[in-house]
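The structure that follows is given in the form of structure tokens.
Should a chain be cited, it is by its letter among A, B, C and D, assigned in written order, with residues numbered from 1 in that chain.
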Amino acid sequence: MIQFETYEKDDLLIVKPKVKRLDAIVAVSFKDKITEFINQGKKLILLNLNDVNFIDSSGLGAIVTILKRLGRDGKLYLCYVSEPVENMFKLTRMDKIFKIFDTEEQAIQSVK
Amino acid sequence: MIQFETYEKDDLLIVKPKVKRLDAIVAVSFKDKITEFINQGKKLILLNLNDVNFIDSSGLGAIVTILKRLGRDGKLYLCYVSEPVENMFKLTRMDKIFKIFDTEEQAIQSVK
Amino acid sequence: MEQKSIKLIIESKLENVALLGMAINKLCSLTPLSEVESYQVELCVVEAVNNSIKHAYEGKACNEVEVVFTLYPSKVVVDVCDRGKSMEQSIFNEKQLSALEVDPNDIMKLSESGRGIPIIKEVMDSVVYKSKEGKNCLTMIKRLEARGGKDNDSI
Amino acid sequence: MEQKSIKLIIESKLENVALLGMAINKLCSLTPLSEVESYQVELCVVEAVNNSIKHAYEGKACNEVEVVFTLYPSKVVVDVCDRGKSMEQSIFNEKQLSALEVDPNDIMKLSESGRGIPIIKEVMDSVVYKSKEGKNCLTMIKRLEARGGKDNDSI
């Protein structure tokens, strides 16, 4: 269902979901797909949300699931978060949980 | 109903309708109001469509009415026509009828 | 891809038509239609809804105009329906694109109305009007692929 | 100014929810709401419609979810209605904003769901849920003027 662009940079897996809306209709396949990566041993994931301009509580719930599946020795980063999506993270206090970078490069630099 | 900004520049009456949609709901008051100006003796009218981003066949019909009421010794000019509105004029061949200027200044210059 | 569909209903008052038009315009952003094409689809829906209010319901409020927007992989279908006075099929058929022609040398002959249906026929790839059991529907189709020529495909 | 109103209806399938959301977002551009506020209203409508589909209709298609968007000079009122299993009033009342609080030091305790109604209560100025004669409606109000504080105004 949901399409991704993925590539690796050292230990970091960069995942860019190719959807405008991260909502109830894609939430399940979104978290299933990323869970596969986690099961393959990926511990550092950067979600590039460049294409996403809407997220609802199902999409947010999927990101929380991913965060929890990564567990204590994994890390989840976000970048290219649009204004409405950022606002949604604030509404749900997720701005206190997710590490959000402006750009992919900044995230990559800081993870090094 | 419909609000206008109007001002005169020599013999030219510049009329700027303060609506986003020149449609069936404003068409009658639009043509009535401008007919008043024509009845007061105005012969050269420039419609500044800067605020208008939608026009339907009722709005277009109102402009045609104005054109006809101005008669053979009057003139109607348009300026600041947005892309969708211009497209509507093309659809209805009105691009062959109305003299359209990019800016108010250009219209004023050419009328001098 | 499965089809997606939404029904939009307003009371027959011109005040509500802009709401419909804007919603339809935005829905077109789910398609490959350009901004100007989306505007054209909005325009056709507004023309059809105005006609239902002005002609089918003769300007009376308290009636419903129903618009169904359906998105297929290769086309957008918009139905505009009312339960008012139905239009004679001959009037619908007579309204041809030629009604849009103008003579720039004789502006006094320009028509002040009568462009609604011709505009719809010009913009859309297929337009059908049907009345059945008191319900009148104008069905408009805009193709999203192979949009080179006009055709008379049924739905 | 008179009120303006439009009703939007979809079949109870998640595929159709984006259509509703986008239409609502665009309709908000008729109000003084900012872009982010319009997005928030869209979000609340999407949450409410998802709930009707997932919970009231238990994910079954072939049912209708109805959204009525009404614009008054000083407020926007959106009703989201279904004819499925109604929500217990106690569940609706228990879902408070506190459900949105998080402990950044214990991510394993973060909830993976249950944020829909709290988000709606956070964004809207008034939220009421009512069931009557098999029809369940969530009525959400967003004020357009004097939007400083939240209140519990009825409609």
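Everything below uses one rule, namely that contacts are C-beta pairs under 8 Å (C-beta built on N, C-alpha and C of every residue); 3 or more make two chains touch, one makes a residue touch a chain.
None of these values were measured; they are calculated from a predicted model.
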item: Starting at subunit A, fewest touch steps before arriving at subunit C; value: 2
item: Centre-of-Cα separation between subunit B and subunit A, whole angstrom; value: 51
item: Rounded Å distance between subunit B and subunit C, as computed from the means of their C-alpha atoms; value: 25
item: Centre-of-Cα separation between subunit D and subunit B, whole angstrom; value: 42
item: Shared interface positions of subunit D, touching two or more other chains; value: 15, 18
item: Pairs of chains in contact (touch as defined earlier), listed by label; value: A-D, B-C, C-D
item: Residues of subunit D defined as touching subunit A within the complex; value: 14-15, 17-18, 21, 35-36, 39-40, 42-43, 46-47, 50, 53-54, 100-102, 104, 107-108, 110-113, 115-116, 119, 122-123
item: Subunit C residues touching subunit D - in the complex, by the definition given at the top; value: 2, 4-11, 15-16, 18-20, 22-23, 25-27, 29-30, 69, 71
item: Touch list for subunit A against partner subunit D, complex; value: 21, 23-25, 54, 56-58, 60-61, 64-65, 67-68, 72, 83-84, 87-88, 91-94, 96-97
